[in-house]
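Just so it is clear, A, B, C and D label the chains in written order, and each chain counts residues from 1 on its own.
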Amino acid sequence: MPEHDRPDRPLLALTGASKSFGAVDALRDVSLDLHPGEVHALVGENGAGKSTLVKILAGVHQPDEGVLTLDGDRLSLTGPAGARAAGIAVIYQEPTLFPDLSVAENIFMGRQPLRSLRRIDGRLMRHQAEELFARLGVHLDPDRPARGLSIADQQLVEIAKALSFDARVLVMDEPTAALSGVEVERLFSVVRSLRDAGAAILFISHRFDEVFALCQRITVMRDGRRVSTDPAGELDVAELVRRMVGREISQLFPKTESSPGEVVLDVRGLTRHGVFDEVSFQVRSGEIVALAGLVGAGRSEVVRAVFGVDRYDAGEVSVGGVRVPGGRPSAAIAVGMALVPEDRRQQGLVMELSIERNATLTRRWSLSRYGLLGPGVERRAAAQWLRRLQVKAGRSTDPVSTLSGGNQQKVVLAKWLSTTPKLLIVDEPTRGIDVGTKAEVHRLMSQLAAEGVAVVMVSSELPEVLGMADRVLVMHEGRLVREISRADADEESVMLAATGQASPGSEPAR
Amino acid sequence: SDEGDTPSGGSNAAAGGAIRAGLKVAFLPKQVNNPYFTVSDNGGKAAVAEFKGEYKEVGPSEASASSQVSYLNTLTQQGSDVIAVSANDPNAICGAVNQARQGGAKVVTFDSDTNKDCRDLFVNQVTGQGIAENQIKLISDAIGGEGKIAVLSATANATNQNAWIELMRTELKKPAYAKIELVTVVYGNDDDQKSFQETQGLLASYPDLKGIVSPTTVGVAAAARYLSTSQYKGKVALTGLGTPNQMREFVTDGTVRSFALWNPADLGYLAAYAGAALASGMISGKEGETFTAGKLGEYTIQADGVIVLGPPTVFDAANIGQFDF
Amino acid sequence: MTTTVSTGPAAGGVPAPPTSGGDPVRGVNRLFAVRELGIGLALVLLIAITTVVNPRFLSGQSRKDLMLGATILVVLAVGQTIVIITRNVDLSVGSILGLAAFATGKLFLAVPGAPIAVALLAGIALGALCGIVNGALIAVARVPALVVTLGTLYVFRGLDFSWAAGQQINAADLPTNFKNMGTATVLTVPVLALFAVAVLLLAGFYLRSYRGGRELYAIGSDPAAARLHGIPVGRRVFGALVVSGALAGLAGVLYAARFGTLDAAAGTGIELQVVAAVVVGGVAIFGGSGSVYGAALGALLLSTIGGALPVLRVAPFWQQTVVGALILAAIGLDRALAARVARRLRGRKARDA
Amino acid sequence: MTPDQTGRSGGRLSALGSWDVVVIVVLIAVIIGSSVLVEGFASPRFWGFLLLDVFPIALIALPMTLVVITGEIDLSVASVLGLSSAVMGQLWFLGLPLPLILPLVVLLGALLGAVNGLFVAGFGLPSLAVTIGTLALYRGLAYVVLGDRAVADFPFDWTGNAIAALPGTTVPWVSLVVGGLALAFGLVLHATPVGRSLYAMGNSDQAAVFAGISVARTKFWLFVLTGAVSALAGLFWTLRYASARADNGSGLELSVVAAVLLGGVSIFGGRGTLVGVVAGVLLLTTLRNALQLADVPADTLTVVTGTLLIISVVGPNLAGMLRARLRRRRPRASPVAG
């Protein structure tokens, strides 16, 4: 590929692309060049049109207007198969695995290595999958079914899949959203080696440190339009944020000091065999407690069990001194718990239902009068919260699936915050949320804490944990290994504990 | 297939001259598309043509009483003069039949009766007693008057089948049949495949079975087909009620010695004439009244408004070549 | 295989694969195989008990009858499995079977000396045509298969009825060599059953070892993901329905050969039996998993129950009850096994920690 | 489906409530058309007969709609009807008084529904498979209870009154019961928190659980309800035909499912309205009876039923695709609302 040396000649170029969904203009006249040997970042608020652009490159959507060229030749895609054939590999924002098939088959579906008679060579396929995982430094069993993999593991499989293409163009839509530092570093080193081999890479993330660490050029989008494209060296975070949001964000972690009140949540000896063991902790009103740990440490499982979605084998949960029966989310809600789950598409939202119904689903009883829900009640109730969280939506009667990822997350937040909980559990609350909204979410959490709500936050983003938490509980392999106060919490202490190197004697208080 | 019989019948029909022209006659079989009823309804069609009425056949494609009720309602509304119906359930259609009669229709049942007080006449192919005697005699002859036999019936709810089977049990109590034992009754649901499998099951579960009686056309054909291809051919006797066309092959190849049936076309033919006679006021349905049914000649109404077509014809290798239906 | 992955940094924190050296998939597969084994065991048990009660149950004739009895259901179950794996269902198979069976009779009436191969091809072609109608509606208009095939269940049967118009085709109308095919045996195995075995092996081989086959599983596992993956979902689903239709057509010809007496009602209501067989055979009704072998075993089990109950002298009125109870038992058992698999996955995790 | 909708609501393609309007329009068209074309259609008597034919399907379709909206299905309804009928016959035969038999039979229906519910909601088995099993099981039990007998000697007081018309009309009084139930079901589905949760779990079980909805418990009770209503339909059936038999109503399940789907309920759950279903039931029966009255043969009726069903799903989808294509062709200059 002699073009490598000519940065003026893009490998893949999109010119003048527009795309609208009904009344929503997702993209308006956007142009983007991807050059070989370069990682190109795409940033923008939620709903700016990044994923739509990705889907056009992937052949999932056909643009209403605009041209796609590969090596200067016009490329018209009618489906994902075309993009794939043209050497474009895509990691979508949401993992798209086949739960019933093995991990290896997921990676090689449609491209399985063959042996005589065009039969699939299962052994070779497994072997190649193992090699891919080794390259990523992950230990995943290629033969296990994809069902039951955590979001992070799913994302890793997606990455392995994209790598296996040896594609000329690699498009990654928020690949790191579910990953923690270690995996991200691994991913970056792989991506860098691909880049050095001459691939053109598009990288989308809401984490600016990642963008600056990996990318050579940065394109900013806002409201479906391209705002600017500049070399990374000529930008800084503040400037980026200003271009994205159109204003300054004063404070990303607006933590207000609060004085913890009485104990709201009391978890004792919670155990689910094979998943977590003897987990005990307390959360007081007005306090934000972060559950930190590496991906797969079992944090989500713990909060799910506390909320009653999963059953547990031993232990007890009480709220405000009242014991909460296990296995029944309705009982948890009744005592004032709320859980914003980590997987918004599967758990947080009913995708085909309208935005307003989703936003009021948890309040369906309290909004009803004499057991009846009058016309428009939900719309009015929802509108208030959608405005407050600045959800960008066409009509509140549209299915929530038409929202961008970040706006979907806001609907989930609206759905739970509107129940005015005593205890708010948030699992990766800002995954896939843009800076502006993130600050808003953080401000909300602080405000709620200040109002006396007890907050439990599961987060894989260390800055968020350190910025927001009054106390950090660190989990490692299903056990609570350390409790760190806000004063003592720093990157090093949390990471040490999370990787299982906590010094003995620092066991959390029971 | 029975077209050949009708032209000669036409001239005989002069006796029915008092039948009103233009009567609307509807046939409502248990199930349309059932070959047996297709033949009998065509007999009715021929009769209606003879007395210059309007013929039609309606009915459900699955044999259920509820759909028959719906069709009866429709016919009531259309103002039929004569409805000839073969009942899927003796009770369930009674209400609808009564409404039809209140609407001015004469209702004749054929092949399968309703309760006697809701229809006007019942055209019985044979008396149950006649069937029972005939069938037991045929099977007894075939197995040499001794051994175990079984009955392969239609659906478990078929009125006429159940009545016949009861009468067969009574018939078997006669001293002449003392050595014959009826071991079981199985149901083929008038479904070819089910009947086939039930036959199979019978032979597997009763190794010393000597004979099978299947008083239903679907059942006897299925059983014959099974026997003719199995090791039991010639060892296990079979008789029943079947049509010559279906059974020809099995009589020829020796699977079945003899079987019986009335002519279904004649049954429909008679039902049409009986209904027309009623509707024309020639008869009122009382016991002892007589009327002429075209080519079939004169019939007398018996007790309970029953008209009997006649004794069944027995078919065997000697005479089967003469029939085509 | 543990050597290739043992180099990850300790800081990775991601659970390492089990060090026991056991191949975990094989572990999972083994459990899935247990499903099929379970059905097989139930089958053996049923045959054993019946034979003890009545030794003639396994006599030559009876054995032949059992195999013949299962043949049509197995052929249909294989087709149905292919469709169900893609998260669709084909309820019209009974009607297609009826249509093809009647067409076979009509063919022989029109051309009395027609070779058997022609009848087979005609039946398969007619079935495939029906399958094309189903497949086109489902794939082009992207509508749920259950509704479409429930519709064509009525349509095909209605066409069959109007075509037959009350006509019945009798064994005497069929050529002798065709009827002989219905009863002939090769080494005590009925010829018709060989058709079923051939269909089963071909389908099983394709589904397991070919890309196209695996894509069917992928589609059933997550249709949206399959689209994103560039799998031609519409074309594959279309293909599955055509195959199912063609197999139903084949089953129709086999039906004609076996039963000889043909009217428009052949195969009425068999679709629920087929779905039951497939489900009993451990094929997930929502697609993505299961094998044709399991489905075939399910079909064999159901038809053997049908054959064994009269032999066991279960009163006729109890037979349907027993069949229903056994269906429930089979899917219940299947779920219990699946739960064990899930627990094992969780248990593995515990060992890693 | 009308062209003017093309521009108006692109986003509402998949929204609720568009297909049921079509069904209602088609129903009205069929009624008007048949009144003109089919002799006897407009008579009050026809409607009296028609309504009696509608009741069993309409009754069962009500809870079935709810079940299908939650993403499940109950194919055992017709067998529950049959078993209820058989038990009713047997109890009457044994000499129990009807006022005692009726509640007992409805209770039995609830129990049979509870068995379905236990397997589906309790053990998490797919309802399609479970209810194919109970379809055979319950029908088999009906035969065990009543065998080949038919019990038909119900007092005329009851059988006559079951189909009696409201004074001065040909409208059966049972219409009031069915209508009232339809209203109640409609209200529950569309205007109560319970209805909201049914749609939610139909779209995503998991998301519903996370929202605090007791998915399993709700589904269990839905099956119980379906069983009880099916038994009620069985009682009506038995009295209407004055005949308790084991094979009563066999095959009815497919008609019910067809009517529900025709009414625009998605077989995958989460979508559909009760108005649509009621219109679907009426459309199916009216069309059948009208064609029957016009002497259209049964084969053709079968084909029409099937075709209608196919159109009910293919129609909206093709219309949607067409609309999408038209929109794409439309010049971008035209201002877009919103």
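The rule is simple: contacts are C-beta pairs under 8 Å (C-beta built on N, C-alpha and C of every residue); 3 or more make two chains touch, one makes a residue touch a chain.
The structure displayed is predicted, hence computed values, not measured ones.
Farthest chain from subunit B, judged by C-alpha centroids: A. One finds 74 Å separating the Cα centroids of subunit A and subunit B.
With centres taken as mean Cα positions, subunit D sits 30 Å from subunit C. Here the CA centre of subunit A is 41 Å from the CA centre of subunit C. Each chain gets a centre from the mean of its Cα atoms; for subunit A and subunit D, those two points are 42 Å apart. Residues of subunit B found to touch two or more other chains are 32-33, 61-62, 156, 187. For subunit C, the set of residues that touch two or more other chains comprises 157-158, 161, 284, 316-317. Contact between chains, as defined at the top, is found for A-C, A-D, B-C, B-D, C-D.
Against subunit A, in their complex, subunit D makes its touches with residues 10-12, 14-15, 187, 191-193, 195-197, 199-200, 203-204, 206-214, 270-271, 328, 332, 336-338. Listing the residues of subunit C that touch subunit B in their complex gives 54, 56-57, 59-62, 65, 69, 157-158, 161, 164-168, 170-172, 179, 182-183, 255, 259-261, 263-268, 306-307, 309-313, 316-317.
Contact residues on subunit C toward subunit A in their complex (touch as defined above): 1, 4-5, 7-17, 23-26, 28, 209-211, 214-215, 217-218, 220-222, 224-232, 284, 287-289, 342, 345-347, 349-350, 353.
On subunit A, the positions that touch subunit D within their shared complex are 18, 20-25, 64-65, 309, 328-330, 332-333, 339, 341, 346-353, 357, 361-362, 364-365, 367-368, 371-374, 394-395, 397-399, 402, 415.
Residues 39-40, 43, 45-46, 49, 53, 143, 147-148, 150, 152, 159, 163, 237, 240-243, 245-251, 289, 292-293, 295, 297-299, 301-302 of subunit D touch subunit B in their complex.
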